[in-house]
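The following pair of complexes shares a single chain, subunit A, combined with subunit B in the former and subunit C in the latter.
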Partner chain A sequence: MSLEIRKISKSFGGVKALDDVSLSVETGEMICFLGPSGCGKTTLLRIIAGLEYPDGGSMYLDGRDLSSLPARKRNFGVVFQSYSLFPNLSAAANVAYGLECRRWPGEKIRKRVEEMLALVHLGDHARKLPHQLSGGQQQRVALARALAPEPSLLLLDEPLSALDAQVREELQEEIRRVQQHLKITTIMVTHDQEEALSMADRVMVMKDGTVMQTGPPMDIYKRPENSFVARFIGKMNVLPAQKEIPFQSHVAAEGSRPRIIGIRPEDVQIACCGREEGTFSGVVDQVVRLGNLTRVSLRVESTGGREKDLLILSELQGMGEGLEVGASLPLCIQPENVRVLEWH
Partner chain B sequence: MELDFTLLWQHRMFMVKGAVVTIQLTFGAIILGFILGCIAGIGRVSRNTLFRSISGVYVYVLRGTPMLLQIFFVYFGIPQIYMALTGNSMTPDPLTAGVIALGFNSGAYVAEIVRSGIEGVARGQMEAARSLGMTHGQAMRHIILPQAFRRIIPPLGNEIIILLKDSSLVSVIGAGELMFSARVMGARYYDYVQFLAGAALIYLFLTFVISQLLALLERRLKVA
Partner chain C sequence: MALSRQEDEPSPRLLFRRMLTMISPAVFVRKMKGADGEALLRGLMPLLVALPLVLFVLYPMVHILGRSFQTPEGAGFGNYISVMGTSRFLGLVYNSFAVTLMTTGITLILAYVYAYAIQRTRIPFKNAFRLFALIPVFAPSLVQAQGLVLLLGRNGLINRTFGTDFSIYGYWGIVIASVLYVFPYAFLIFSASLAMADNRLYESSRILGAGSVRTFLKVTLPSTRFAVMASGFVVFTLVMTDFGNPMVIGGDYSVLATEVYNQVIGQANFEMGAVIGMVLLLPVALAVALEKWLTGGRNMEISDRAQPLRIQPHLPRDLAFGSLVLPMASVIIAVVGVVIFASFTHLWPYRMEFSLRHYNFDVQNGIAPLWNSIYIGLMAAGIGVIAAGLGAWVTERCRTFMDGPLYFLCIAPAAIPGMVLGLGYVLAFNHPSSPLAMLYGSLLLLAVCNVYHYHAQGFLIASTSMKQIAGTYDEASAALGGSFIRTLRKITLPLMWPTLVGVAVFFFMRSMVTLSAVIFLITPSTQVAAVSVLMLEDRGAVNQAAAFSVCIMAVVVGVLLVARLLLNAFGYRHISLIR
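On to the complex of A and B.
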């Protein structure tokens, strides 16, 4: 099922939580809403789920208007951050609940519950109560419960943020596997950029109730359109544009000259470019070794005038042998790796 | 002065009869109070404005006026209103009047207990239920109330014990409950100590039994 969101807005007591947000989600696609807390991503998900009503805008599921449809009639599967399993019901009864609401025949319910619990590898835990299951298992039950009634859309509201790192990684793969297996259109809210980049087909980055950028994960990483996205997704050197740093504009210029530029640390090479353009001399300020990766901060002295010294972060593969604080090194920035984030 | 409990022993059956009336009063009032309290408590969180405001007014009035006034109102006030409306007289039975007054009063407190029990169930439960396809009412019945019920047992037990003791107020309209019996006997022999002490012992015994039963119920519900 495809979902079309048009100009959704929502305020809470005068504070704009969502401001004219539009988006279309393709059938079978998994999209992540990504942003810092308070950016409106959860509010948008709750509006899609029908748990909150928008002040303006409209939504269409396969062309059908959703505005007047209450949550219970939307047939969307929702997984909440806090699991929200029914504590007085066993895992199997939790999964069966949505089916009983839809008056499925008993035998069909039993089969479906079995199938769903097997899908999330919990076949042996059917009779357990939620408090007898670990956090990860509870969230698996919640996923099975949401998927059991064959929903047209799966909505995940920070499903993994209450879990510890290892379980989270496991479940990330699991959710993605199940999602692709069922080919179900899915929207997930997260504040974890790694999670969004590794799981989603497309990511929508939000800030203060507005969409900053939407696109495939690697697109967002490679081609951030503004300094917020640049800073939020991965690490990026966000610098005032200077004459010395060459750039190739990827998009049409949106102003007379660039104001802020961005360079990924892995694109700052500690070497000579072999030509003068794009080669700088920097003094090593700090070296952080992470085993397979070494982060080096380099201070590039200003060429005079009102410009300040630049602190540029570089990331090298390996342990960075021979790098010492205070050493003066050449560094090279290729013009095609420089993004213009803001224009004058 | 010498303390002597022979008179109390001699009139023990009179005191026990008083205690039975106290139990009847308490039992009747808690049933009435529980029914009213559940209705008004659900009303307090209802989405229906009329239901919500009626419940709010009920709780406000019954909690905001003295219980003694309410007892007098039921016993003396209602017959007067009845007479003014129908022209017929009506003599209420003190026990019935007591159950009604105590029940309505207690209902207001139970309503608040029920309300906080419902509100104490995580909001996500209602949302999960609704997104699974349940109506608000179904979610309330199948998901919210069963969970709220467990939470209200301890404060409800407290309310039963308060009600047991408050039932002594009904002695002012002549219901022959335990406090009334103690007072009558005390006045008859002008020896209050032994009858008041006797009544106190019976009250303590009753509250002990109630709290043990409630502890048992709580343990049962925890296992389930």
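On to the complex of A and C.
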């Protein structure tokens, strides 16, 4: 099922939570809404689920208008951050709930519940009550419960953020596996960029109720379109554009000059480029060793004029032996690795 | 009984905006396009809650207000002028405040000490002491005066034994009886507040070198200040509107509450009764409003990282508090105990041999009033659970523009003295032209009156519990395709039922022991047990009155035990039944 969202807006008591958000989700795709808390990602998910009404805009599922359809008639599976398993019902009864609402025959329900619990590896826990299960197990049941009625869309609202790191990683793989196995169109909300980058087919980065950038994870990482995305996804040197730092001119719009540029730390090499363009001399300011990785910040002195000193972060593989604070080193930046983030 | 709202009230502006969105045509059409039976039903729910509240709270109040302005020369302030101009009236107001303020002061201090001893010291037999403090809740509201008269009255045990001529009737009699009457309510609030403490604060205080007095003044007292305010207002309201105790032990000392009774029952002067009722309403409504405004539901102020308090052993402290708590508990037990004892004597205090003759109830109506009370209690429990539960569900879950006004309507009865409500019922429903006149004189109306008299407390118990059930269950159910009826039936009610049992017990208990609201509504065939106690006491039939009181207590305790066992059997030990 494909989902088309057009110019959705929503305010809460005068504060704009969503401002003309548009998006289309392809059949079988997994898309992540990524952003800091308060960026409107959860509100958007809740509007898609029908738990919240938008102030304006429209939504279409395979061309069918959704705006007047209440949540219980949309046939979307929703998984909440707080698990929200019904505490008075067993795991199996929780999974069966949506099927009973749809008046499936008893035998069919029993089979489907068995099948769904097996899918999330909880076949042995069918009779347990939610409080007898661990957090990770509860969220698996919640996933099975959401998927049991064969929903046309799966919506996950920060499903893993209440879990500890190891369980989270396990479940990330699990959700992705199930999603690809069932080929179900899925939207997941998260504030964890690693989670978004590793799981999604496409990521939509949001800030203050607006979309900052949408695209495949590596595309967003490689080609951030603005300084917010640059800073939010991974680490990036966000610097004022200066004459000496080269960039590929083909991206320049007519008549505009770059104002802010971004360079990934791993693209700052501590070496000579072999030519003058892109080669700088920096003084080591700080060295942080993380074992397999070493972060070095280097101070590049300005060449005079109105320009200030630049502090550039570089990431090296390995322990970075021999690096010392105060040492003067050459560094190289290749023009193809420089992104222009803002224009004059 | 503390009336507290724990969530943020939407601002009036926001409320207004919401109302505008509701009626703006575009939104309305969008909401209605997908409307099905469910949406329609959901829209009707607030009305289902509001309608009975309007009918059984506002409508009688409008009647009593109207009646107070009704004079032989037409509508006007004549009644007010003729009442308020008299020195008798000023004396009544003075008396009421003198009794109420004195009682409030004494009760707050004693109840705080008692609660402190139970929550913050290591005195032995805490559970027993806790139970003793709560005894008065199980008894008809005038049992304290009854017990005091049996002990200290003209023909009381003390005067008879020692040949003295000591008189308890009057101001101090009322104050002592009232303190005993309201003690458990203040104790419950303090106890809940003192039970919550952050050990880290106390450790810091000790490490910083503060002594125990300083720690108390700087840490304990500030953290319980909302409880002090809340119980102050609760006690004030209860004493101001109580009339059973002043009737029995007041002698010639009259207060506003007894005056309403005298005007209406004694002189059939409904206008004057209505006027004094309105006068009584004012301080009570003010107290309730002030409590809401000052405490604003903040009497449960503690961070979620708090560590439970570890009470250090400290013998002198425990001895001191033990020596304070023991006499207090003894007085409570003695006053109720003497009533039980007297009911089994041949003729108190002349012939003290054992006798069951007062349990024959060879009085007018016999034992019937007790059965009436039980029927009324059961009906009130049933109606009360539905009213309070539905009110809580609609205000907590339905998210309509009527939430604010509905919430106000649900807790408004807290500000209405029982006598005023009862008088309002007489004026509103004892009228041939009233569409509900057929209710008048029925046990059902008495039950309804009790439900709406105690609606605020029942509603708050239910809505507090509703708040603890996460709203996401409703959303999860809706997302899975469940209708709200199914959610209610399969999820909300199964999670709520222990609390609802508590609400039912609450309404039953109050119906068994209350006097003030029903006193104007009873007819010879709908006499209730608590009123029987008052009538018998008034006639001097103290033994029979005592026997009736004992029967009421037995029924209440019996029901409490059954409910407790039921809840325990299902593993709900934490649901408290005594409120």
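FYI, the second predicted complex is superposed on the first by the 338 of 344 C-alpha atoms of A that agree within 3 Å, B and C clash if a C-alpha of one lies under 4 Å from a C-alpha of the other, contacts with A are read in each partner's own complex, and residues count from 1 in each chain.
The rule is simple: a contact is a pair of C-beta atoms (placed from the backbone, for glycine too) under 8 Å apart; a residue touches a chain by one contact, two chains touch by 3 or more.
Keep in mind that what you see is a predicted model, and the values were worked out from it rather than measured.
Q: Should the pairing of subunit B and subunit C on subunit A count as a clash or a fit in the superposition?
A: Aligned on subunit A, subunit C clashes with subunit B.
Q: Scan A:Y53 for contacts with subunit B and subunit C and give back first, second, both or neither.
A: The second partner, subunit C, only.
Q: Does the superposition put A:Q166 against subunit B (first), subunit C (second), both, or neither?
A: So A:Q166 meets neither subunit B nor subunit C here.
Q: For A:S68, using the defined touch cut-off, is the partner it touches subunit B, subunit C, both, or neither? Pick first, second, both or neither.
A: Second partner only, subunit C.
Q: After lining up the shared chain so the two structures overlap, which partner does A:N88 touch, if you call subunit B first and subunit C second: first, second, both or neither?
A: Once the two structures are laid over each other on A, A:N88 reaches both partners.
Q: Kindly classify A:C101 by the partners it touches after superposition: subunit B alone (first), subunit C alone (second), both, or neither?
A: Once the two structures are laid over each other on A, A:C101 reaches both partners.
Q: Which of the two partners, first being subunit B and second being subunit C, lies in contact with A:G13: first, second, both, or neither?
A: Only subunit C is touched by A:G13; subunit B is not.
Q: Quick one: subunit B or subunit C, who's touching more of subunit A?
A: If we count touched residues of subunit A for both partners, the winner is C.
Q: If both complexes are laid over each other on chain A, which piece of subunit C (5-13, 41-49, 167-175 or 311-319) hits subunit B?
A: Between subunit C and subunit B, the clashing stretch is 41-49.
Q: Give me the intersection of subunit A's contacts with subunit B and its contacts with subunit C, in residue numbers.
A: Common to the two interfaces on subunit A: residues 49-51, 70-78, 80, 82, 84-88, 97-98, 101-102, 145-146, 149.
Q: Could you list, by residue number, the parts of subunit A that touch subunit C in their complex?
A: 13, 49-51, 53, 67-78, 80, 82, 84-89, 97-98, 101-102, 145-146, 149, 155
Q: Would you mind writing out the residues of subunit A in touch with subunit B in their complex?
A: 49-51, 70-78, 80, 82, 84-88, 97-98, 101-102, 145-146, 149
Q: Could you please specify the touching residues of subunit B with respect to subunit A in the complex?
A: 122, 124-125, 127-135, 138, 143, 146-147, 224
Q: For subunit C, which residues count as touching subunit A in their complex?
A: For subunit C paired with subunit A, touching residues are 14, 17, 30-31, 33-34, 36, 38-39, 470, 472-473, 475-483, 486, 490-491, 494-495.
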